[in-house]
Structures are given as C-alpha cells and as structure tokens.
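Given below, in the form of structure tokens, are the structures.
Heads up, the next two complexes both have subunit A, just with different partners, subunit B and then subunit C.
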Partner chain A sequence: MQSHSIRQSPWLFGFIGAAVLFVATIIVSRGGGASATFHAAMAFSIFSVLVAISQMLVITSGPGNIDLSVPAVLTLCAYIGMGVMHGSNAWIPVGLLVVAAVGLLAGAFNYAAILLLRLPPIIATLASSFVFQSLAMNAGGDATIKPPSLLSAFTSLSVGPVSVLAVLVVLLTIGLAIGLKRSLFGRRLLATGQSEAAARFAGIRTRQVRLISYAGAGLFSGLAGFLLAGFTGGAALNMGDTYLMESIAVVVLGGTSVAGGQANAIGIWGSALFFNLLTIMLNSFRTPVGLRYLLTGAIIILIVTAATRPLTRT
Partner chain B sequence: MIHSQVNPDAAEALRGLCIGLTRQALLAFTAIVAMPLAAEAADGPGTTSTTGKTIALSNSYNGNSFRQVMVKDWQNVTAQEIAAKTIKGATVVSANSSVTEQASQIQNMILQGYNGIAVLAASSSALNGVVKSACAQGITVVSFAGIVTASCAWQVNYDWSSYGKQEIEYIAKRLNGHGNILEIRGIAGDSTDKDISDGVHAAMTAYPGLKIVGTVYGQWTSTVAQKEVSGILPSLPQVDAVVTQGGDGYGAAIAFQNSNRKVPIIIMGNRQDELAWWKQEHDKNGYETFAISATPSISQISFWVTQQILAGKTVPKKVIVPLLRVDQTNLDAYLRTIPPGGVANPPYPKDLVVKIIDANTNHSAMPPVPPPAP
Partner chain C sequence: MSEVVRPPPSVGIGKKRQPARRAGHRMNPDHLQLALPFIALVVMLVVIFAIRPAAFSYFGFGLLFNLAVPLILASMAQMLVICLGDIDLSVGNFVGFVTCVVAVFLRDKPFIAMLLLAAGIVAYAAVGVLIQLRSLPSIIVTLGMSFVWLGLALLILPSPGGTAPDWLTATMALQTPWIPLPLVIAVALAAAGHWLLKRSAYGVVLLGAGANPRAAARAGWSLLQARIMMYGTAGGLAVLSGLALSGLTTSGDPNIAPTYTLLGVGAVILGGGSFTGGLVSPVGTVVGAMTLSLAGSLLSFLNVPPVWQVGAQGVILFLVLAGRVFIGRSGR
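Right, the complex of A and B next:
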C-alpha cells in the first residue's frame, strides 16, 4: 500500500533519500552535529532550489527545452547587482530591481534566439551563456565586489537553527507549486509542455507562454546570483559553475518530467537537500575524491531510474 | 685537442709536448681564474640589444580573474618596454582551454616571425610538437606556470611543494607541533593541487602531533570552499588550523564564523577579501596568520626571462620563482596597495627577475619579493 503511494509520487524519493543521508551523517559524526548539519544543508539548498526552479520552468514548457545559461545568468546578475549597489545598503532595492530586470531580459534574449533564429534551446542557451559570461567578465572583470553589509547579514540570518532566507524560499516554492496547479498561467504552461500543438488549438498563445517561462527562468537565476553573492561575500566569475549539472539533476530527481508538461516544485526541495547532504556525507566519511564522484554519479542514476520508472510505464 | 697537436717526430714530439703542457697549464690556469669570473659575468642582465625583437604570449585560458590580471600585467610591462625601446613589439593571444586552439595560435606566432614566445600551456605534453618546431626555427620558447616538457623550452614555475611546506611549518610553530588540521585542496586531478598537497603531507611527517581530520576540495574559489567547509564542519572535532591553496581562505573563515566555532589559524591567499578579513580580525582580537600565494604577475617574470635569453644571458632551463608571502608585519602595507576585490600582485621589475635567474644559476637563496613601501 505504502510502496504504491510512493510509486505514484516519485518525487518523495528525494525527501526519503535526504532523510536517510541525514541519519547516516549524524551516526558517523556521533550525533554531534545534527542541527549544524541540517543548517548547512538548508543554507546551500536555497541556491540549488532557486536555480532548479529556473530549470523547471523551462523544462516544463515542452520536450527539448532546457536552459544551459543558468550559471552564466547567475554570474552576470551577481556582478551587475553588486556593481550597482557598490556595498551601499541604501541601494539594495535598486540592486534587486536591476538584477530582476537583467534576469528577465536574459531569459527573453534566450527565447528570442530560439524563436527568431530557430535554434534548438540547447544550442541557443549554450551560445547565449557565452555572451552572458563575457558580459559578466566585462562588468566585473578581475575584481570581487563586496555585497552591502545588510544583504550579507540577511542571507545568513537565522532564528535558532532555521535560516530565515530558507523559510522564505520554502514559502516561494509552495506558492509556485500552488500557482502551477491552480493559476491560469500554470495550466497554460503545463498544457504547452504536454503538447504545443494541442495547446495552440485550445487557444493558448504558446509562444507567449514559453517566453514567460524563459524570462521567469532568467529572473530566478538572477535572484540566485544576487543572494549567493550576498551569502558568500561577493561575485566571482566561476560562482555559477557547479549549478549547471545541479539545476538539471535536482529538477529531474524532484519529479519534474524531462519530457515537459509535468512540474513538481515541492519535490525540488527534497532533491536539493538530498544532493547537498550527499556532498556533506561523502566529505564526512572522508571518501577519496575519485570515489566521491563515482558514488555521486551512481546514486543519481539509481535514484532517477527508480523514481521515473512508474512514469514511463503508465 | 691538446694531444692531437703532439707531433710523432721525437724532437718535435718533445717540443710539442712542452707546448702542449704549457698550453695545458695555461688553460688550466685560465680555467681556474676564469671560472669565478665567468660566473660573475653570468650574473646581472644580458647585454645584447633586443630593440629589434618581438615577443608573444600564448595564454591557454582567459576566463578567470587570475588569468585576466595576468594578461593585464603582461600588457603593462610590454607596452612600457616597447615605449622604452627595449623590444620592438609584443602580443598576447588566449585560447579557450583548448590544446588544439593553442597549438594553432603558437603556429601563427611562428609564421608571424616572433623572436620569443612565452607560453602558459593548456597541457604539459600536447604542445611539445609545436614548441619543438618553434625552437627549430630559432625561436626562444619560455613556458611558465603551466609548463611544457619539450627540452628546448625553458620552464618558469613556482616550487609548489614548498607552498605546502611553508604552511605546515608555520602551523607547527604556532601550535607547538600538536593539533587538528583541515585541508582545503584545489581541483581534483590538477597537478598543482597534487604538488601543493604532497608538500603538505611530506612536511607533516616531521610533526607527528599534527593530524589532518578532514579534506575538502575548494576549487580555489571562496564560494565553493565556504560550501564544502560548512558541510564537513559538523562531523569534525575541534579544528586548530586550516591549510589552503589560495582563494579559499575567506570562504573557510565565513564557514567557521557561521558555524559558531572558534576560528582556527587559516592560511590565507593573496586576495583582498582574505587579507582584509585577516586585518579586521587582527584589529578586533589579535588574530594572526600568514598568507602565501602565486601571483598573476608571473607573466612579467616570463617576459623578462624571455627578453634576457634574447639578450644573450645564460638562463638555466628551469627557473624557480619565489612565492609571495604576506606576514603580520607587512599586511597593512600590502592591503593599502590592493584595490577592493583585487589581489596582492607585486610587479616583477627587470632587476628582480635577473636576481631570480642568478639565484637559480648559482643555487643560492631566492631574493624575497620586496613588500610595498609602508
């Protein structure tokens, strides 16, 4: 009975996996750091979740849609945001608005390249990621610009073991999950993702829907860059590097269909926690680095296979 | 040579022998006198004019801040020396981490007739072919930081194992040889990472009281180091010191501060955020550490080494260059010269590079990199 319900909700694998890893880590570290481990995993999952939301919006909009420019948009927005604020607390709202605008524009640029140049999304976003990365290089170049002190304080603010930013991102994720299910746009996005032709016949402006999903992806990537720069003390050219693979893996493990048309926002949290706890656990076990990569790869394949099997059968 | 002059005829032979002996003695004598003279003459800058020469830099990658500053340093020194008529021209071309791309760029430099090529190689072996063909055409090839193994090329590099050694020796002194160490490494599979880490482990054999309790890969990046250190901290006992590879010190410090643990001795690199954090903590509670690092200005060393070879100076095929070291005493002086978000990057003028070359030739002590004026 229980296994039946898990099979119907493959995204639960992320949460279950995260829980198992958490317990294993606590046992190995002799129960010393339960709260600290949880805190560390939560703190870094925030950024995994934000980039994964970007990726989810794009992937859901239909087969073949993917955004490889997530790390570049993240880096570009971090540089522009930090550059605009220049360490001044008063400029934080301006910085946030500029980052949002740049993120939206970057996403729109991606979709424009796909639509106007008729490029497959994988090529278009790969190419544009070079453009964005070069812009970031020119915007910031060789210097790390420090974030305003208030932004840094806010990103690492926590009440007890609970990070305030994490709570906000959890609320955002819940809002998004409800929005995808209930809102008009959410329905249109899922319909477009399932069959663009059918959606068009049903009167949905699918191009507009996909434009919004790409622009939204840019927005969330930008937001991730803005907050990550605040959390880690500044923008750096390679700050986005780890988030390309991670954004895709987290989304897929979180129960979103690679084929599009099926999104799962809540599942993202489970798989983000899972991935971050996996890193923590393998580090704590002092696994040699070669084995660490091997295990990470093997575990991803295992879980994704297990999690997606019911979908392919039905 | 001398014996070939001996005549088979007896009388002649005697005479020849006498001449031979005198010549031999004379040669031996001059050798004894001249040897130190010759060594003396090798010291100091090369004297042949390089006014008509051109030098190119082939850079394997330009996508991070270290490389960008490095290229800027190269452009600064070459612009200055072209204006001063030391050389006639210079250029810099960057490849995108691609060996084939870099090889074809070097091929172009050969065709364009550059006299010297400095190379920061994408691969230590894969560029050997094109490097050899450059050498065959009489071009001076100087590889630096990312070196090539072709025997005709010079290698300018840091002694990476001394990086790790200096870290452990400092920590052993501060902790009286006893304590727990967290090791932050660079990028798995990278040769520099391996060399530094090997230096750390080799140095640790002298201090059995020091123990490495955890290892993470920080990828020489503050954000990654912060994440990895935050993740491993809950499982670690008390950490007394952190060995790093530069660029990762600030992230490690933030991770410790966020975890509410006592911040251990963290060896810093040359980035402004690392040094500024150290100074801030020192002013607040007397925190002490030291910083060690490679500097992007190694491109200026490669420029002067190439120029000096073209100027006729005898330069050993392997030139080890000193790592930058910042101590408590010159921390303020360094911090004042670094723009916010930049790196400590002292220039390497010609005189200093010549001294570095001479120290390598004579196997004598490395000249220290002079700190900025206080």
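Right, the complex of A and C next:
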C-alpha cells in the first residue's frame, strides 16, 4: 500500500485520460470552449455516474452479479415519474417518491427472481428487463409528457461553469465511497462480494445484503431516469439503451472488480468524465459515428489490458 | 455428471440438500433438464397449431423457424464461450458486422468479403488469446469488442442497405424435400455440436478445460489452445449466423442483431447450460434458441398487444427457467 504506482491504482487511468483529453480539447480549440466543454462533460457524466453507481452496487455483491435491467428500470421510472407529475411543479416531491419506490421495487424484484428461481443474475435481470420494458411502454402512452418546469430548470441549473446537480452527485459519490469503506453495510457488502459462504459463516445475513444492493441499484437507476427525463425534456423509450454497456464499462474502468467484493465509487467519475469528454471531442471533430465506437471499444480493451495485472484471477 | 442440476453457486451455497423423495423409478434429472426446453417448444407449437391449423404444414414450419436459424448459430457461438466459463457480449454486434460485409462486398468483391470475414474469425481467436494470456475478465474485453464491431459495421455501411448475393438468398430459401430447411439445419447443428463437443476426444478435453482449467492444464492440455479453438469456432459460427441473417433479410444492417448477444445467453441457459464452465448442451442450446425465437410468433398468434409482447417474452423465460428449479429440486 505504500507505493502508489499507477498499476496499483488502475482507476487513476480514467482521471488521467480525462485530464489529457480536456487539455487536448483546449489546445485544439485554442483556449476557447474550455468552459463549455467542461460544462457539457459534467452534465452528461451525471447520468453515466448514476447508472454506474447502480451497476457498482450489484457487481460488488459477488462474482457473476450484473444488472442488465438498468436501462429498463431507468426508462420505466422516467415514464412513471413524468406521468405522476404531469408537468406540475407541486407534484415533484410525489413524483420523486413514486420513482424511488418503483426503483426499489424493481431492484427487489430482480433479487427475488435470483433467489427464488435460483437464476443466474444475468438471466434474471435480462428477463425482468423485458417485463420492465413492457411496463414502460404501457406507462408511456402516446404523447410525451413534459417534465415540470422546475425539474428541468434544476437539472440544468449551474453556478458559473459548475452544474449544481453535478456537485450533488459528486457529494453523493464521496458519501458512497466513505460508506463502502466505513459503514457496517459497506463492509458487509464487500465481505459478501468476496465470498458469500465466508460472509455467511461470519454471521452476515448475505441475502439481506444482496437484496439491499439490488434494491439500491434499482433506486439509483430510477433516479437517473427521473433526472434524465427532466434534463432532456421528457421520457423516451430508447433513452436508456446506451447506458447498459456504458454502465458496465464505466464501473470496471473506474476500478471496481468484476469478480465482486471490491468497489471504487470515486473512480467512476474519472472514467465517466473520460468517456464523455471523448465523445464530445470526437463529435467536435465531426468524426464518423463508426470511428467513435471503434475508438471507444479499442480504448476499453487497452485500458483493461494495461490495468489488469496477470495472475490476479484465480 | 450429477453436478448438472447443482444451482448456481452464487445463490445455492449453504442451502440444505433435499433428499430424493421417490428415488428409483425417476427420470434421470439430466435428461429432464434437457427435456424442459423441448417440452416448452412443443407446448408453444401445439398452441400455435390449435389457433392456426394451417400453420401445421411444410411452409408453416418453414416460416415459423426461418429466423431461428441465425439465432441458433449465434447461440452456439455463445455456448462455446460460456463453456469456458466466459461470456461474449460482442456476438450480436459481430453478426451485424458480418451482415454489412456480406451486403456491401460479397456479391461484387467476394475476395475482399472473404478476407474481412476471415479477419473477423482471427480477431475472435485473438480475443481468446488476450483473455487467456493476460487473465482478463472476458465480459469487459468482449464489451469493448462489441463497440469495435459496431464501429466497423457503421464505417462499412453507415445506414441499413446493400444487397446480399443471390446465391445466398437462394440458399436460405432452399426447399429441402419433406422437412423444411430451418429444421434440417437445426437438427444438423445439434447433432454436429453434440458429437464434436460431447463425444469426440478433444471435445471432452475442451469441456474439462471449462469445468476445471487448472486440472486440464495439469493434465498437460494447453488452455491457450482451448481458448483459441473455442473463440475461433465461435467466430466461425457467428459468421455463419450473419450469412444466414443477411440471406434472409437480403441486406445488411449494423444494428440488426444486438439482441442476439443476450438471447443467445438465454438460449444456452435455457438449454441446461450454466455459467460455471464446462456445463453446456449443444442440443439444449439449439432447442432453447428455437424456443426463444418461437416465443415472438406465439405471442402474435395469441394476439398479445405489441406493448406487452416484450414483457411476455420475459415472463416465458421466467416460467421455463422456474420449471428447471422444480426439476432440480425433485430430481435430487
């Protein structure tokens, strides 16, 4: 733990990459647009970070745990939230509560399916994502319901170049990082993720821990949907699509182990900023969308190859 | 093979083993496990034929299972990767890439098309090498590859279009005597897969490399070679899937098959496979893929409103897999 070389902290790659891209953007645009670039990257990273937090909670709870229902829960909650509020500012608190409840229930449903039907998490969350998608389609109806004006204003409110929502999500991330390290639940979650059998012998109610982590994942996905719908002016059926693969990539490149039991909340911000800056930069160069995907994929593979030390996997 | 019905370790650890209640004259749970997707398939067919008796014909079967062919091939590719304890998140986008190569190059510049498809298979094997040599998590590497294939497909063919060569379209529309082509292909693939993976000497080694890599390595088998074989063959099957798909749709589309990735995983698990490695069934996977692709037709025959069809597919997946749990429980 004494020598903090980059190999020991692979999650720093995200922050370093983000910084390099940021500087590159400033140089290319000759100093202009730095503030706008930073602003846009922060704004889009908020949602990447929220879905990544969901995915992190699930991935940390053990090997093979992954939540494929993140986009479906996000979309479902966006539609239900917008439907409940119906554009009225007074209903925002109710909308938020309903969305939180739906998200928690969706996550709990996932874990119930895993536990009761003894399904692998990938399959259970895949099947339930189909169900949530249908529910979202039914909740949606035909017309797009506009978000309440206050919610829209709040999601894009900023003081100078800093988005208020981004600051809140940064605080949330820091809180989660501390919580995972210091709180009883955080320690229990990490222990469960490292070895469920050992954790159970140590007296941890591992089922309860995993239930909470899945429900928490649903909660954050739902929250992301609620805010994203406010930010983009309404819910859309495909609004969550890009977030499935992105949430996994951001979490893992942020330093969370796919094998479970090791989480890194702060690292999520690094890789989220990195990916969003990359998109913004390539967009500003008018790079063909195909090349953008190609580069994103190549970078994911490069980083994971560089950051993973061989022989860490058993 | 008594391990086949063991529940996934992540959920089943510490669960008390239930004693066999009526041991003796029970079907081998292994076979029951395999029979389950088959039973689901037959039940669905019976319902469809009850609603539309006309579908019970040569053409009916052909139409019902036409689109199952590419899904079966993609599921078998996924099965080989899952057999090693890995997962392939890129196969759907790779199939999309293949349809683009086929639609843009295969008719007029067949040499370039062959070269690109061969390069795709080599890239698949290379992914296996990378995962093996650097001990990387397959889920992340193949996630990266899924973006790579999507990107390449979009560079070749930015929007859906192109034309598949006539011989390919004609092959997919071939009218085989007595039994429709999709069923012939399905049976042939199941038989070939079963024979190669479960009966041939090296196939058993590959299963062993998935079930217990350390033991296979200690016994002198090369894990690197196993990964090259499995990933390379998976790439080959995915190329066939793309060929079949573009033969059916007569064109290419980068975004045509992203669902194949997860539906393929579903088919493997439905067919009795497990993520723990070494536990997969080629026959089960073929039947699982047919079940999943038939689910869509069944729902439209049942007049399920379009907004509920996706959800109903999820419910079907839950129901069939729930059946597996009960077999696992009573079969012990």
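One rule holds in what follows: the second predicted complex is superposed on the first by the 306 of 314 C-alpha atoms of A that agree within 3 Å, B and C clash if a C-alpha of one lies under 4 Å from a C-alpha of the other, contacts with A are read in each partner's own complex, and residues count from 1 in each chain.
Criterion: contacts are C-beta pairs under 8 Å (C-beta built on N, C-alpha and C of every residue); 3 or more make two chains touch, one makes a residue touch a chain.
If you're wondering where the values come from, they're calculated on a predicted model, not measured in any experiment.
**Q** When both complexes are superposed, which of subunit B and subunit C contacts more residues belonging to subunit A?
**A** Partner touching more subunit A residues in the overlay: C.
**Q** Should A:Ile300 be classified as contacting the first partner (subunit B), the second (subunit C), both, or neither?
**A** A:Ile300 contacts subunit C only, not subunit B.
**Q** With both complexes overlaid on chain A, does A:Ile280 touch subunit B (first), subunit C (second), both or neither?
**A** Only subunit B; A:Ile280 stays clear of subunit C.
**Q** Taking the superposition on A as described, I'd like to know which of subunit B and subunit C A:Thr242 touches: first, second, both or neither.
**A** Only subunit B; A:Thr242 stays clear of subunit C.
**Q** So, A:Val131: does it touch subunit B (first), subunit C (second), both, or neither?
**A** second
**Q** May I ask you to decide whether A:Thr256 touches subunit B, subunit C, both, or neither, giving the answer as first, second, both or neither?
**A** After superposing on A, A:Thr256 lies clear of both subunit B and subunit C.
**Q** Touching A:Ser54 in the superposition: subunit B (first), subunit C (second), both, neither?
**A** A:Ser54 contacts neither subunit B nor subunit C.
**Q** Between subunit B (first) and subunit C (second), which, if any, makes contact with A:Gly290: first, second, both or neither?
**A** both
**Q** What part of subunit A is shared between its subunit B contacts and its subunit C contacts?
**A** Overlap of subunit B and subunit C footprints on subunit A: residues 133, 137, 289-290, 293.
**Q** Quick one: which bits of subunit A touch subunit C in the complex? Just the residue numbers, please.
**A** 62-66, 68, 113-115, 117-123, 126-135, 137-138, 196-197, 200, 245, 248-249, 252, 258-259, 288-301, 304-305, 308, 310-313
**Q** Can you list the subunit B residues touching subunit A in their complex?
**A** 63-65, 68-69, 72, 188, 214-217, 219, 221-224, 226-228, 230-236, 250-251, 254, 258-259, 271-273, 339-343
**Q** Any idea which subunit A residues touch subunit B in the complex?
**A** Residues in contact with subunit B: 25, 28-29, 32-34, 36-37, 40-41, 43-44, 133, 137, 141-146, 156, 228, 232-234, 236-239, 241-242, 276, 279-280, 283-284, 286, 289-290, 293.
**Q** Quick one: which bits of subunit C touch subunit A in the complex? Just the residue numbers, please.
**A** Touch residues, subunit C against subunit A: 7-8, 10-14, 87, 89, 130, 133-137, 139-141, 143-156, 158, 254, 262, 265-266, 269, 274-275, 307-315, 317-318, 321-322, 325, 328.
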